[in-house]
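What follows is a set of structures to go through.
The following pair of complexes shares a single chain, chain A, combined with chain B in the former and chain C in the latter.
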Partner chain A sequence: MATSTAPPHASSGQPRGGPGAPREALRDVEALRDVVVVAADRTPFSRAGRAYARASSQDLLAAALDGLTARTGLAGERLGTVVAGSVLRHSTDLNLTREALLSSALAPTTPTTDLAMACATGLEAAVIVANAIRVGQIDSGIAGGADSASDAPLVVGDDLRRTLLAARAARSATQRLKALAGLRPSAVRIEAPRNAEPRTGLSMGEHAALTAAAWGISREAQDELAAHSHHALAAAWDGGFFDDLVTTYLGLRRDDVLRPSTTVEALAALKPVFGRDLPADQPGAASMTAGNSTPLTDGAAVVLLASRAWAQERSLPVLARMVDAEAAAVDFVTGTDGLLTAPVYAMPRLLDRIGWTLQDADVLEIHEAFASTVLATLAAWESEEFCRERLGRPALGAVDRARLNPVGSSLATGHPFAATGGRVLATAAKQLHRLATSRGADDDDATPDRKPRALISVCAAGGQGVVMALEAA
Partner chain B sequence: MSADEAARSARLAPVYARAVLSARRKGTAVRAAAAAGEPLVLPSGADGRPAVVVHPGVAVGAGRAAALARATGVPLRPVLPVVGPHLLAFAAQLELLSAEDFPLPLPGLVHVTQVVRASRPLGVGERVDVKVVARGPLPHAKGAVVELMSTLTSGGDAGEVVWEGVSGYLARGATVPEGQAAHDLSLPEPATRAAARWRVPADAGRRYATVSGDVNPIHLSRLAARAFGFRGAIAHGMWTLARAVGQVEPQLAAATAGPGGVEVRARWGSPLLLGSRAVLCVEPYDAEGAEGGWSLAVRSGTPLPGERVHLTATASPLHS
Partner chain C sequence: MAPATRPRDLYAELVRTGPGAALARKAGLPRPALLRRFEAGAPLLVGPALVLTVGSGASAFRTREAGGALASLLTRAGADVQLELAEQGQRLGAVVVDATGATDVGDLAALGLALGPAVRRLAPSSRVILVGRTPGDDDVEAAAVQQGLEGITRTVGKELRAGATANLLRLSSGAGAAELAGPLAFVASPRSAFVDGQVIEVARSAHDDDARDALSRSERPLEGAVAVVTGAARGIGRATAQVLARQGAHVVVVDVPAASGDLARTANGVRGEALALDVTAGDAPARLAEHLGRRLGERRLVVVHNAGITRDRLLVNLDAARWESVLAVNLAAPLRLTEALVEADLLGGGARVVGVSSTSGLAGNRGQANYAASKAGVAGMVRALAPRLAELGGTANAVAPGFIETEMTAKIPPVLRQLGRRTASLQQGGLPVDVAETVAWLAEPASVGVTGQVVRVCGQALVGA
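Up next, the complex of A and B:
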């Protein structure tokens, strides 16, 4: 294996050689195994309140697991682990992934872990599964996530909640009445989860608008990116790209956020929804619309990861090899960095560790939380000044835009928060597989010295982000 | 209640109302026939063959599938649970049972047995043609049983049979022509290994009635149920069966991955009261040549003398 860092399990986990084995041995990259992306499945993504209005996150996750199980013939099989999560979470979903697994055709003896890292949940789940495979704790595992904005939890106000708990704990009818009598009518209210940062009170869109203004990202550039996302995704669907990545759910066959016929002109007609209170003369102010922001979406996505030997034993194809990953977080609370800019920091750390450049990526998948987020990220990597002052290194440079989100991204698919990581990972792996296959078929173009490479970047609420490097298997 | 559910209830309610109106006349006729020792005869079509009801091109849509999943505590999957297509069969059954020339009164008919053979799962929203034929009446210890054979076909007349059901409905006290084999269903002894504790929701009858259109008042109202001799409102048999089979459905899906289907056989016993508690018992069960099946029983408590069995069932992979 060419590159890797010691995964967390290596220093704190269970050495394979028994209690006496030296821990340092596991730090040796030669002792680590390749992790490959074997297969993936997701539901089509659907705008909140539409096709999946009656489905829960658990239903969606189970559907994706069943789709993957059917696709890979793994019904009844015990896997090493399933790590998944959701962002919008019911208090009754304390074992979401386990419950979804028990609804699926996978063996009920497969252990599961619930995970939460906001919009990076799905990708971080893949990192955790991959690391366990890499050190030999497990041979196979599924990573993913599901979210339903339609079935979002409602919470009673804190005063009402405390009163009801006190009434429940009461030992007599009198005590119960007394507890309930303390309730003021104003306390009876229901709170829906807000898409706002607790420490700033700003919604994600308002945060992204600040970043767009700071980098002077124009409305036109955002609308162009959005139009490209829709057109590229529509072409990918038409070309059968998703035939082995998506399973129809509740009658929906394709992502219903997708608008194949949208145009830059149509997008330009939309009214700004974020950043309207920024100074109007500032470039990028009031440039973010419903068209260049992702809508609330329902869906689930899962990815099957394994060691090469495990995949080989089952004659399963291998789409790509996971090379390495890096997480980062930024101080957005003081405004030092933008909320969704953590990948700006994560990517150079990853690239430097594995010895790649940004331009090595044949496929660059940057999650389109907002069009402006993608453009601000690219602008930061291109800026000599920013990279010197903030990253302490030369600029990462510009990327060939043809390699950016070549089959569309979240603006067109929608963004069911925890499901996005799985979608992006599967999309990148499949593209690498296709690139490797087409290069192999056409000898003139073959570059045997280097396999096709992909980089993934996913930003998340809370000022976090995860990036990942993949290579054709 | 969603719009399509409301519309469906609105369609089935008049059918049920007509059945109730004709119940007195039919009941008197059945009792008179029994007193006179005359056997019960099912109506025939013009060509002498059994009467048939056909509902072409019907489907269980996403809203109804979701309501079924919520009512019976199973996940909402892209395919219906194995007993789910009974929703489509039931609408046709109701039409047949409530027809003017069908001799038995609908209120008072008790669903005593059910067999389901699903050759593959039926997709949510997938259109099928439903055909229901009546067979019998057959002798039963407590009266006569009419068997309604439901066939769900995909892809037209020569299409694939996706799902078959045989529902046994008991008319207490009715008599049957001599010389017929009794209505019977071979099942193992009720399972005894407790797997789950049920609290039967007080509104389970109302919710399942909304999903299925089975608005028989014995499931909706305590008073109505008492009028029919029950201690209180009782759960729909199909609700009990759907929830019990739901417990092992992922295991069945794992066992039948590939071409195999599923067979469910069920016999209801003592009525399950709404608001009561029950225990679901689950044991592995291998039918002839079919490994990976399950024996299910819904009991009023742990297996002790005096304890009642509400449901005995098996759910097995079907190997063609």
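Up next, the complex of A and C:
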């Protein structure tokens, strides 16, 4: 595989300084235990309102847990923890992960934690579980998430809610009537959760459109990325890549967002849905369509992490080692950063800490919230000007596009918010395992003297993002 | 997805009601009994076992104990043994005849006359078990007489009612009590509810220590074994995984990725593990061998080739695709997988290979030339494999299910379905668990003397017996 042109700083022993300097405390990192990705499972992902129209997040999460338990033979076993969450939460989901666990085949003595970090929930859950394993608190744990856009909670308006609460608190029938009498017809309205940022009022798509315009991301490039995602995912399914990563659920065998036969031409015919109010002469304006954005999706994904010894004791294979992770957040409200650009900042911090370059990644998984998000992220890392001014360092450089989302990503799988982190982590780990296995098998290959590496980047609502580094086990 | 409910036999349910039974009796219609099946802690037999010895020659068992070896084997298996038919009293749970010494033609009549009064006294779900010898070529009359036992067994099987069965265990030269103990306990037990009219050969094994050891811990005879079951997402495969786990095995269930949801349910239900794998895929043998190599450790391996499909058409209408797909799943996959496991040295001491044949394969069945070819092929496979595995105390056998109530047989047209059920001696279809129990028995260490055989689980079906 040809490597892309490395940026000058990559090979010139660039002295680390400023924001990229390694932190003092991390010198003890050697004392920490290895954390490995043992196995993973997810449901096939389904466009909202289809196969899983009647399934809740809890059902989906339990199904993914059961698939993972079966694959690893862990039924009845107590694990160190299960950390998972969902983005679209019902008020009754106060113990979502716990309830899902109790529906699953795992031992009911396994403790759980609910976690929320918008679309980065699943990946952040993995960071939390991994860290507990690294320091020796636990030996094994599951990280993941589930979301059902079909089963989204509806909320009554504040006026109606306050009136109903007052009526419930009333001590007599008269008081109760009095409380209810205060109700105005206008108060009776139902609020569905919206994909909008509370502080800007803009939907995520509109935010992404601003970023696309700012970086001049063309419609063609976005459609090409989307077509690649579908084609790569279809090939992966056909090749059996997901045989040990996905368990069928409610009769669905594959991701139903996937359109194997889509083409750049077909995608080009779609009407823009975001950024239509932007000046038309601006490059990248009105370039985002339903084809190069992710649809609302239902699904769940979980990943089993453990210490090496734990996996070995159970004769379980290991797919990859989790090296490190970094979270970042940007000021998208008053600042100039785009809502979904936090990984732009997180990645160089992670790379500098572990001494990798962006080009070290044999696999680069960038969550495709929108095609433009991926392209804007890459553009930022390539821009000398941006990296100098905003990151205080030379550009991270270009990446070999063959290494970018090699088996497709969210545009083709769909994006059940909290489930995406688990999906991406599993996909990256499996690819590393495959690369390591095929390199080991082929001695004639000019094998680089290091294990295959992967980098993961997931952006999230609220201007946040999480990135992670993995290495073949 | 909710697991498919088992197909119901409404006729059988009807004639088990008071008015239904009366009507069926008047009209001379079949009245299928509710078969007694395995229940934890339940006794081996529903009543005492009468042990008879018939024959003018010497018994195969060199023992002077009263009632001989059979009495002591049955007692160890938990039966209450009687050596004479009491004038009256409790109905019999079994009548077991040592006919290994039957060498004269006259012995056949003697056996029949001794058996008659005992058969009259049998309780529902009881057992008739004849123990004979494999006919040899040294003594022609003895060989004829021993073959005659088969005719008696199969006829008694057809005459028995109320869920009782008749089977013949045949000892080959040198085989004795150690090899017989396991098979005898199985055909006596409720685990063999749908095994009827069968002849099971019991061979001498250099590893009969295995059998002896096994009997002392017969509660969970598969403890320390890893069992692989293909096609385990549903039906017979799922039931087999459940029974193997109940008997102590660690179970690895295999099915196509498209069935992984049901497969996960099977795996979690038996605290086993799921391996989503298309057994016909080119890399399937290597992947299975790799997976088991990692998981097996010192444990012995049990392989159950259960995955199977049907693509029915009359021979003249069978296209290449229907031939190829059925042969690939039902016959080529068991061959390839077994070969890979042998090469990977995983079928070592005490290993068990169990194929799933079919009465359709043995008797032929209209519209199933492809299926019958594959299922008869399975019988050939285990026969040829048996001597290879024998050196290390391993065995290879097949079960041949008859009409079993599954999603597959639920698709048979109603009239044919009723025929399939009622033409068996037990007048009903079997359940997946009946096949599973037989597979699990073949997997036990105590079955070391049974190898290279096809055991039908068919309620003594009219065909293929």
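Odds and ends about this structure:
Everything that follows uses one rule, which is that the second predicted complex is superposed on the first by the 443 of 473 C-alpha atoms of A that agree within 3 Å, B and C clash if a C-alpha of one lies under 4 Å from a C-alpha of the other, contacts with A are read in each partner's own complex, and residues count from 1 in each chain.
FYI, contacts are C-beta pairs under 8 Å (C-beta built on N, C-alpha and C of every residue); 3 or more make two chains touch, one makes a residue touch a chain.
For clarity, every value in this text was computed on a predicted model and none was experimentally measured.
Aligning the shared chain A places chain B and chain C in steric conflict. When the two structures are aligned on the shared chain, A:287 is found in touch with neither chain B nor chain C.
In the superposed pair of complexes, A:315 makes contact with chain C only, with no contact to chain B. Using the contact criterion defined above for the overlaid structures, shared-chain residue A:73 touches chain B and also reaches chain C. By the touch criterion defined above, A:240 reaches chain C but does not reach chain B.
By the touch criterion stated above, A:248 is placed in contact with chain B and with chain C alike. Once the two complexes are laid over each other on the shared chain, residue contacts for A:105 go to chain B and to chain C alike. Under the contact criterion defined above, the residues of chain A that touch both chain B in one complex and chain C in the other are 63, 66, 69-70, 73, 75-76, 105, 247-251. Across the interface of their complex, chain C is touched by residues 63, 66-67, 69-73, 75-76, 105, 240, 242-244, 246-251, 253, 315, 317 of chain A. Residues 1, 250, 252, 257-277, 281, 294-295, 297 of chain C are the ones that touch chain A when the two sit in their complex.
On the side of chain B, the complex with chain A involves touching residues 61-63, 65-67, 69-70, 74-78, 124-125, 250-251, 253-255, 257. Contact residues on chain A toward chain B in their complex (touch as defined above): 51, 54-56, 58-59, 62-63, 66, 69-70, 73, 75-76, 100, 102-108, 247-251.
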